[in-house]
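Quick heads-up: structures coming right below.
Two complexes are shown next, each including subunit A; its partner changes from subunit B in the first to subunit C in the second.
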Partner chain A sequence: MGAAATRHAAVLQGAGFIVSLLLLWELASALGWLRPHSFPPPSRIAQGAWELAVRGFPEGVRVWTHTLVTLRRIFSGFALAMLAAIPLGLLIGRSPTLDALTNPVITFARSVATLSLLPLVIVWFGTGELSKTLLIAYGCFWVMLSNVIAGVKYVDPVLVRAARTMDTPGREIFTHIVLPAALPRIFAGARTALGVGFMVIVGAEMIGTIEGLGALIMEARTFYRTDVTIVGMMLLGVMGVLFALGMEALERRLLPWHRGLSEVRR
Partner chain B sequence: MSASAAPKIEVLRVSKQFGDAAAAPVLRDVDLACAENEFVCLLGRSGCGKTTLLNIIAGLVPPTAGEVRVDGEVVTGPGRGKGMVFQQNALFPWLSARGNVEFGARRSGLDKAGAGRVADELLDLVGLRDYGARYPGELSGGMQQRVAIARALALDPQILLMDEPFGALDEITRLDMQAELLRVWSSRRKTVVFVTHSIMEALALGDRIVVMGGGSIAAIHDVGLERPRSRSDPALLRLHDTIWQGLH
Partner chain C sequence: MNPRAANALLGAAGILLTLGAWELVARSGIVSQSVFPAPFHALATGLAKVPLADLGGHVWISLQRIALGFAAGALLGVGLAVAGGWYRTFGNLVRPVVELLRPIPPLAWIPMAIVWFGLGEPSKVFVIFLGAFFPVLTNTWKGMANIDPTLLRAGQTMGLSGPELLLKVAIPATLPDIATGLRIGWGLAFGVLVAAELIAAESGLGYLIMNARQLGEVEVIILGILVIGAANLVTDNLLARVLARWLNRSSEGSLP
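For the complex of A and B:
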């Protein structure tokens, strides 16, 4: 069997497994083993999804709006974090003094669960868009920052030595050696940060908005619409998967050499 | 090579100690002179300080005491005509094999076109003409080492410091590469310091063999045989025995 055929079979198997689980769930519900209000069966969830797509929940705010608004918030927070963390991380990673100075602060800030800042952020910046963007940016920023710093700091010293034996000037050592060597780590940081963004968004959207998947989940809870909650949850999950795949594709594209390395190591 | 010519490389009472003063020194009062265009082999057991000495000559590691001079000037840093092939893989993983060799050629002052030509020529020399587009991670260990040699040659340094460059190669390729290295060395005339732990390799290559032991130089042997050398030459085998016995 060829590699493509093997993969095909694996996908089919996976799909088959999920379908059987769904059928089992439906059956359990129909037989009364699961209470439909707490554990809505797949058919009920599908109805919820349909309602969300056609009428919206709350009425008029349809699924596309929720999704787009959530995406916009994640992206503005994520972008803000990248813009701040990448230059700062490169700077700190290069300087042992700065690194020692900032290390405790970064560890501290990373340990503070982003959502525990929610009350403070509301007091400082209100319940508008700014607060949501800042919360997401906060979560993404520290993860990204520590990855960029580590990327720069842990460049294999033999690479720097090799460049120095070739009379490479200091500035070029940074741009031609340290930076490319740090890129895989920086990429890993961006991927993790995006994941954090998806986690923080639900909490960030709990206040001051009826738009966004987080708001949808909260609102559905208020009305005891577990089916809608599950739809919102699944949409977040699917989006998360799609973005992870997108980042992977981007990485393969931008760092073709890295893929080769990991395959050799396996 | 006249004996009166000023040495190309002088190692003067070099000692090296890592960590605090209580630690045992890795190198103790090492004195060594290499003439211009000489091929010197550093031979010794694992851990005897060969890499450390090479790093000090390269200017990558400062000696605790003593100094190294190249052309009479004290070495204060790497580069400036001292090319190096590292014991471990030191290729830039984000550059293709050709890109790595080009990097060296560019650093020697060539323009892009010139560097490309040199890279092709050197990849050909190390038998990797068809592998130029591959990333180091897609090459075997021996191939990587050959790219590293090509990269060091691309720099066209007057001094070539090689740290067990053929250690990762199979016996057959190793013998081929030894012959190639001798060819490059005789056509381009470089001063080579070549680290190895193979007595036979040292005998096949070196003008002189510097045997290290216990952090200092235990013996220096003039090989004094015509190249190419036959591995069954009785004189060579006698020297092999002498070196072997000296190591015990």
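For the complex of A and C:
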């Protein structure tokens, strides 16, 4: 009861603080202390959101289009990365030789900042959809690959030995022991990869497109509509939160045998 | 041969194989060499176009920007999280604001950074700062929230209280989490760099490769990408080493 009451008070304090900040912000711009272009007041932002939903920005491209385009880009890149990284990672993780062979290359490829590939993919594939998808796929791929490898590599050897003493065939050891034991880490990799894709998309959308939330926030700035920029930022934030929640729910659903993820979560 | 040496050899073989495959594909003529140059040719041509001194200059400027943004992010992140974790009311007020802002990707701040700080140096440093700030803050906060209460009570029994308890017990107990946050923050700061340098920069690695794209110099782009990767790898390892030493020393010193 006492803990619940403290928790309640904490939420109230936080919410009250945010509301008073917003009111102060509104007041400060009404009084002319804040320039509306640099800090559009909450009421302006609300108008911008309304306009984005009804008329669209640029005119005709409404908020749903921007959001869906961004989602489609993230998911196509992410799916591509999963398709390539999971089988490859399972293969490398099972073989110490392959692991040693590929380790430095993977480490380096992971260190390459994904967005630094932007100019290269533009030269190779132009500024269209393919470039964006590949860029996101690159970012997701290496994160995913190293997590799949680690997942398979660090399966408790006792489990595998126990299965061997029971004369379990190699294939079954893989499907019944290695894979389930590795899945939590693979899942953690997928979650991190989605986060990476989410980070890359904004940068990727700043070039050669007017659709997508990343493009929206840059375009809006160019036309002195910072209220719309802020709406776009908020949408990106909401999207990020929904991704994280969705992955968590999926994980609870798919991996009921795995409780505390603390050992794989950084 | 001992297994470590064998692994190192295999790793070297893997690098050579990768470069070999790249070289082979490039020379096969499937794609034109001007679009997909072979590795050594790319490096040699790239270095001919951007002499080592210039390249070093770009690296230096980028590293300065990262270091500046990272330092600001780390200081503010640790400061806010320690204060918020220690003073409950302050924490209750700040945490929700942070949680509202944190999900916004650092790059999404670029337009507002331009509006607030113009096209100069501060806007780039600001975006890099955001990349480092949030991971440092959340990890430090987590560490502060998970301090073993026994440690705090032991400190109190020995007569520590208030700021002294914070400095001598709470913060040292949080150091491992701070270190984790710093490493993640450094990685993100690096990831954000290129995009930050897209903002009308006239120097730095991000500028170098984006400019090379306009000039159609694929070799310079490849050189730049490899240099960015190498710089990230080297500095991340350095940071890991410094942090490990720092953690060791602090655990030998003030804490049992």
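By definition in this document, the second predicted complex is superposed on the first by the 230 of 266 C-alpha atoms of A that agree within 3 Å, B and C clash if a C-alpha of one lies under 4 Å from a C-alpha of the other, contacts with A are read in each partner's own complex, and residues count from 1 in each chain.
Definition applied: a contact is a pair of C-beta atoms (placed from the backbone, for glycine too) under 8 Å apart; a residue touches a chain by one contact, two chains touch by 3 or more.
For clarity, every value in this text was computed on a predicted model and none was experimentally measured.
J.: Give one of first, second, both or neither to describe whether A:T226 is in contact with subunit B, with subunit C, with both, or with none.
T.: Touch status of A:T226: second partner only.
J.: A:A84 in the overlay: touching subunit B, subunit C, both, or neither? Say first, second, both or neither.
T.: neither
J.: Is A:T168 touching anything from subunit B or subunit C once the two structures are fitted on A? First, second, both or neither.
T.: first
J.: In the three-chain superposition, say which chain, subunit B or subunit C, touches more residues of subunit A.
T.: Higher number of touched subunit A residues: C.
J.: With both complexes overlaid on chain A, does A:M206 touch subunit B (first), subunit C (second), both or neither?
T.: second
J.: Going by the contact rule at the top, pick out the subunit A residues touching subunit B in the complex.
T.: Per the stated touch rule, the residues are 158-159, 161-162, 164-168, 176-177, 180-181, 183, 255-258, 260-261, 263-264.
J.: Of all residues in subunit A, which touch subunit C in the complex?
T.: It is residues 9-10, 13-15, 17-18, 21, 37-38, 97, 100-105, 107-109, 111-120, 122-124, 198-199, 201-203, 206, 213-214, 217-218, 220-221, 226, 229-230, 232-234, 236-238, 240-241, 244, 266 of subunit A that touch subunit C.
J.: State the interface residues of subunit B toward subunit A in the complex, per the touch definition above.
T.: 58, 60, 77-80, 82-84, 86, 88-96, 103-104, 107, 135-138, 155
J.: Taking the complex as given, what residues does subunit C use to touch subunit A?
T.: Subunit C residues touching subunit A: 6-7, 10-15, 17-18, 35-36, 88-89, 92-93, 95-97, 100-112, 114-116, 180, 184, 188, 190-191, 193-195, 198, 205-206, 209-210, 212-213, 216, 218, 221-222, 224-226, 228-230, 232-233, 236.
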